[in-house]
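Note that chain A is present in both complexes that follow, paired respectively with chain B and with chain C.
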Partner chain A sequence: MSGKGLVDAERRRFNAFALAPSLIVLFMIAGLPAIYLVVTSLTPFQLVNPGSSTDFSSPLRNYRLLPDDPRFVNSLWVQAKLSFCGVLFQVLLGMLLALLLHTQSRVVEFARTFFLIPMVLPPIVVAIIWKLIYTPDISPLYYAAGLLNIAMPSLTSSVDFALTAIIIADTWEWLPFTFLMVLAALQTIPDEFSEAALVDGANRLQIFFYITLPFITPILVISGMFRLIDSVKAFPLVFLLTGGGPGSVTEVTNYYAYLLAFDFNEIGYSSSVTVVMLLLVVSVSLGVVWMGRRREAMA
Partner chain B sequence: MTKKNSGHKSAAVSRRKLLQAGAATLGATLGATAFPMPVIAQAKPFAGVTLRGASFQHRFFTLLQNYIPEFEAQTGMKVDLQLSAFPVYNQQANLELSSGGSAFDFVNVTFILAARWVAAGLLANLDEFTGDPNLTPAEWKPKDFVEGAQVPYRDTKGATYGYSWEGGAMVMGLSRMDLMEKKGLKIPKTFAELQEVCAAINGTDGVTGLVSFQLHHWCLPPYIQGFGGNIFRNPPTDIMPALNSPEAIQAIEFYANLLKNYAPKGVLTYTEDQARQALLTGRSNIFIHSSAWITPILMSGDSKVKDTARVVRMPAGPVRDFPAANSQGLGIPKNAKNKKAAWEFIKWALSPEISMRLVKEHGHSSVCRRSVIESEEYRKLNTVNGQDLGALYLEVLGLPAKGENYMAYRTVKEFPIVGDVLNKAFEQVATRQLPAQAAMNAAQEQAIANMRRAGTAL
Partner chain C sequence: MSGPIRRSASVRRLVAIGVTLIVLLSPFLWLLQMSFKSNDLILQFPPPLIFTPTLQNYVSLWQGAFPASFVNSLMSASFSTALALILGVPAAYALSRWAGRGKHALSFAILVTRMAPPIAFTIPFFLFYRWIGLLDTVTGLVLVYTSFNLPLVIWMMQPFFETVPQSLEEAALVDGASSRIVFLEIVLPMVTPGIAATAILCFLYAWNDFFFALILTRINARTAPVAVVNFMNYEGWEWGKIAAGGSLVMAPVLIFSLAVRRYLVSGLTAGAVKG
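Let's turn to the complex of A and B:
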């Protein structure tokens, strides 16, 4: 073996040795529970049925039942609507806000800080704020609508508006994330490009479409993907604002899994729902990684 | 240096212990002077035992914690009471009991889980303690507990696995009798009259006809039963769901119309607190719920309707008159390490003396001791605007024990699954997603499918 090869081998060994403690800790706090989740999903585990946690006589029973469970299928569809619309709004509004606030001024700097507040609030506090806003008899929104003689339906108990109400609250909470990402990307664009375009007679719209947008597109995609993965965690909003209702209009998959485990004690079945959800999230994550690598390769 | 520190620490601990002991003795003496204490453990056989118990957060335990130092001083035991949120506690207790754990010496036997735990043999038979005069003195009187509140804590042979510490009796609160009297309306006694009163009051003076909250599987069953239906065909023996019976469909339509037409906007997502506030402030006229939530319109300092409110029996249905009732109990896990010590605690916590102190010193009236509820002191404290709230509470709480145990549907282990399906179906009807018949047919199918998936043989 050459001297370089030896050095590389030693470096690899050192890297593996240095990384090992972190990997072990990571495996214990993330890997083991995930494995336990998968194992549990292969059983008919119910808390009041001792022994059911080790019953592997029909390991795929839960997974076979899933496609015929209308609430599970509905919950996936609700989750898809919530995730798609929520992320779309967050990316578009975040970009718009970042473009508006991409300037040097004290007022704007203060405004930037102000816009970060929703993201740093605990999710349950966000849910309570929106619960107050959506409750007709105590809400300032309804009070204002009343002054203007606008008849507003109850948003959270209306079939037509309940999911939209959650999407609005989710967008309010996570808009700062996409805003921050896009703002950071905007600050990396050299001024020379837009200055040259201005000299060539380009208007603001053309500068946006031909210079700014190509620069920030990767960030829009990445932040959108991150939010897509994260959007399955809209649990506190659903729990507090609608309880999955009215009917099953806002019942997302993780809320259904929660009901199965906590209200019905069907731990095994709930685990299978969670595993499917986990697989979907992992698929999206792999998609993000693949897109990132493809883009790097193209560059 | 080390020696000095250690000595200093020891001195500090001694002082603290001395002060604690002094305070406990003083408290016990004062308490004993004002109220006689139950006779327990004179020889302190459990001294040094740390008793571990768990329940969900409830005002009863918050109040009880004030007295626990007295129990500790008397018995020499230390009580470690762990209180969690309702769903968290139930999950934890389910896991602990079903896995045969011995982490807790006493637990709350949650009403909706009682049948499940009793049938699965997860709790200790308390008759072994009450039947032994060395463990339970005659004056403790197990039969003093309101019979209706005790029903969920018995097995099919009649053995007792829990004693109730709280009773919830469904009553009707009317906040604006002044408006009703102006319009010549009387207190509704039937479902039909209820609808008439709601229609007549709704919108008057900015008041809605009634208010409710999102726990439909608590609010709705008395209507289903009132029309002659039930949640299951014949619980607890025949647990085939009966959600699409003509009576259940009629009840769903009736209750959905009440909420659609006469309740505040957004009532479907109202929490108990929101509904209670609507009643306390007089924004809604009628709220039918447990007495613990309704009677504050007469007794709470926050109430704006003290002078215009009434608390009465909920209206009867055309077929039956079955107001809901529930209770929560204390029990001992089958594998508890300190069963006898735990029984000392339960005996003390549910003694007539402590029950009376809770009533007298804190106005906590949802106790389950008949002798306390029927006492003159209780009556004095709970008679408002000429209404004997105790008599009403006792009457409703005792109903399931007279004749048919109509609350049995709520204590079978399958209820949570079916109750959730019922909630969804009701919301679909109330929001006009589906007509009542279609919603209940779908609910019936869904309930059966869910029960079979959960392993119930139907």
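Let's turn to the complex of A and C:
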């Protein structure tokens, strides 16, 4: 064996040793739980009924129940509304904010940092902040509405406004994310493009639609997909602001699965809801990776 | 409008930025100012904007069970960060130098663990912990936090390792150094800033968790976010304590995220765009 071959073999051994512990641990703390979740979803498991955890007599029973469960179907619908509106607002407002803050001024660069605050705050603190704003007796919002003689309904307990209240809070929390992504994309646009267009007599709107927008469209799509994947995690907001109510107007799938497992004791059924949710998330993630690669291939 | 980049912003733009900033940050500032108000002042209507601040809420937090939960948060976040770094940094290095087949599939599998909604892990972890007695322990939280911090380390560290010139490593290898020595003494020192940024992001993710702590802890290992929510109880909401506790929970986050703001996006997206 040549010297180079010896070095390669030593290197391969080192790589294997460096990688193995992580893979083993990840398999144990993520792979096994995922497998166990699928196994549990095939049983009618209830904590009060220990024997039920190994009852595989009718493995697909939970999955057959799902389409006829109005609360499950409703939760998917609520999730779709929350995700769609949230992502739409976050991408649009994030883009506007990025366009506003895309300059080389020192002051603006300093200010940018403060726009990131909502995103980094602990989600439960975000939920507390919005609970404050939506609680009539101590809310600055209700006080301001009172000054202007506007009669404000109780937002979080109203069938018409509860979901909107959550979408507003979610948009506030995640707007900085789309803002950061779009800002990064704007900074890759060469100045010469818009300068040349200006010389040719293009107005600002034309520059935006023909130069800026095509440049940032991929980032708009990708950051939207990221927000879409993460929008199923809006648990603290729902938990604290509405508790899924009124009725089940704000009961997203994640929250319904939580109630099923830890309130109604239906561990097996909750697992099947979660498996379906997980499959949806994985397929969207695959889409993001695929688009990312295609983008890289184009670049 | 993007337009050509200007050296200084126009007055109109500065005003627009200022107004947006105030609107965006006022909900956050409202919580902060409330933490310095006595309960009487909090319930006063209209809310007084100018008042004598008091530390009363913070003092009563300090005297209660809150400090213990704060320590639980600190411990579970720090230990899970340490564990994720010890395991993940060498793994990220190996992956970044691995040209073999299966790299993409493996990377995607690691990524999915990070994107999965927490409820997917909570049910199995809850059942398993109940069985082996890890419910309501900091150890239990450390393990569950590692399940999302380890993939983050593996994803975030790879680009940092890719910036280290391979010729440097090859030269050392040819000189007879072992791969282990090359990794520890040449490569690691060059990626220290990356490790620091990754560590802070791991800490923040664990610190920000509410869902796992809500389900996997009761009293002994209760974390600060769960403790704050417990001030919203049936006898009435202790708004002063909620505001002060909330402010304390967000304090480390604000300090740390300023330190790593350059890496925030890559940390949040965990490298997925690179596929």
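Please note the rule applied: the second predicted complex is superposed on the first by the 269 of 299 C-alpha atoms of A that agree within 3 Å, B and C clash if a C-alpha of one lies under 4 Å from a C-alpha of the other, contacts with A are read in each partner's own complex, and residues count from 1 in each chain.
To be clear about the criterion, a residue touches a chain if its C-beta (ideal position, glycine included) is under 8 Å from a C-beta of that chain, and two chains touch if they have at least 3 such contacts.
It should be emphasised that the depicted structure is a prediction, and the values quoted were computed from it without experimental measurement.
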Between chain B (first) and chain C (second), which, if any, makes contact with A:Phe262: first, second, both or neither? both
Using the touch definition from the top, say if A:Gly247 reaches chain B (first), chain C (second), both or neither. first
Of the two partner chains, chain B (first) and chain C (second), which one does A:Phe114 touch, if any: first, second, both, or neither? second
Does chain B (first) or chain C (second) touch A:Asp137, or do both, or does neither? both
With both structures superposed, pick whichever of chain B and chain C touches the larger number of chain A residues. C
Is A:Ser157 contacted by the first partner chain B, the second partner chain C, both or neither? first
Looking at A:Phe208, would you say it contacts chain B, chain C, both, or neither? Reply first, second, both or neither. second
Can A:Phe235 be said to touch chain B (first), chain C (second), both, or neither? second
For A:Leu65 in the superposed arrangement: first (chain B), second (chain C), both or neither? first
Of the residues on chain A, which ones does chain B touch that chain C also touches? 137, 261-262
Taking the touch rule as given, give the residues of chain C at its contact with chain A in the complex, in rising order. 1-9, 13-14, 16-17, 20-21, 24-28, 30-31, 34, 42-43, 45-47, 87-88, 90-91, 93-95, 97-98, 108, 110-113, 115-128, 143-144, 146-147, 150-151, 154, 173-174, 178-180, 183, 204, 207-208, 210-211, 215, 225, 228-229, 232, 239, 242-243, 246, 249-250, 253-254, 257-258, 261, 264-265, 268-269, 272-275
Spell out the residues on chain A that touch chain C in their complex, using ranges where they run on. 7, 10-11, 13-19, 21-23, 25-26, 29-34, 36-37, 40, 97, 99-105, 107-108, 111, 113-125, 128-130, 132-133, 137-138, 140, 143, 172, 175, 177, 180-181, 184, 186, 189, 191, 194-195, 198, 204, 207-208, 211-212, 222, 226, 229-230, 232-233, 235-236, 239-240, 254, 257-258, 261-262, 267, 270-271, 274, 277-278, 281-282, 285-286, 288-290, 292-293, 295-296
Chain A-facing residues of chain B, complex: 87, 90-91, 94-95, 98-100, 116-117, 120, 122, 214, 264-269, 274, 278, 283, 413, 416-417, 420, 423-425, 427-428, 430-433, 446, 449-450, 453-455
Which residues, counting only chain A, touch chain B once they are in their complex? 44, 46-50, 65, 69-71, 134-137, 153-159, 241-243, 245-249, 259, 261-266, 269
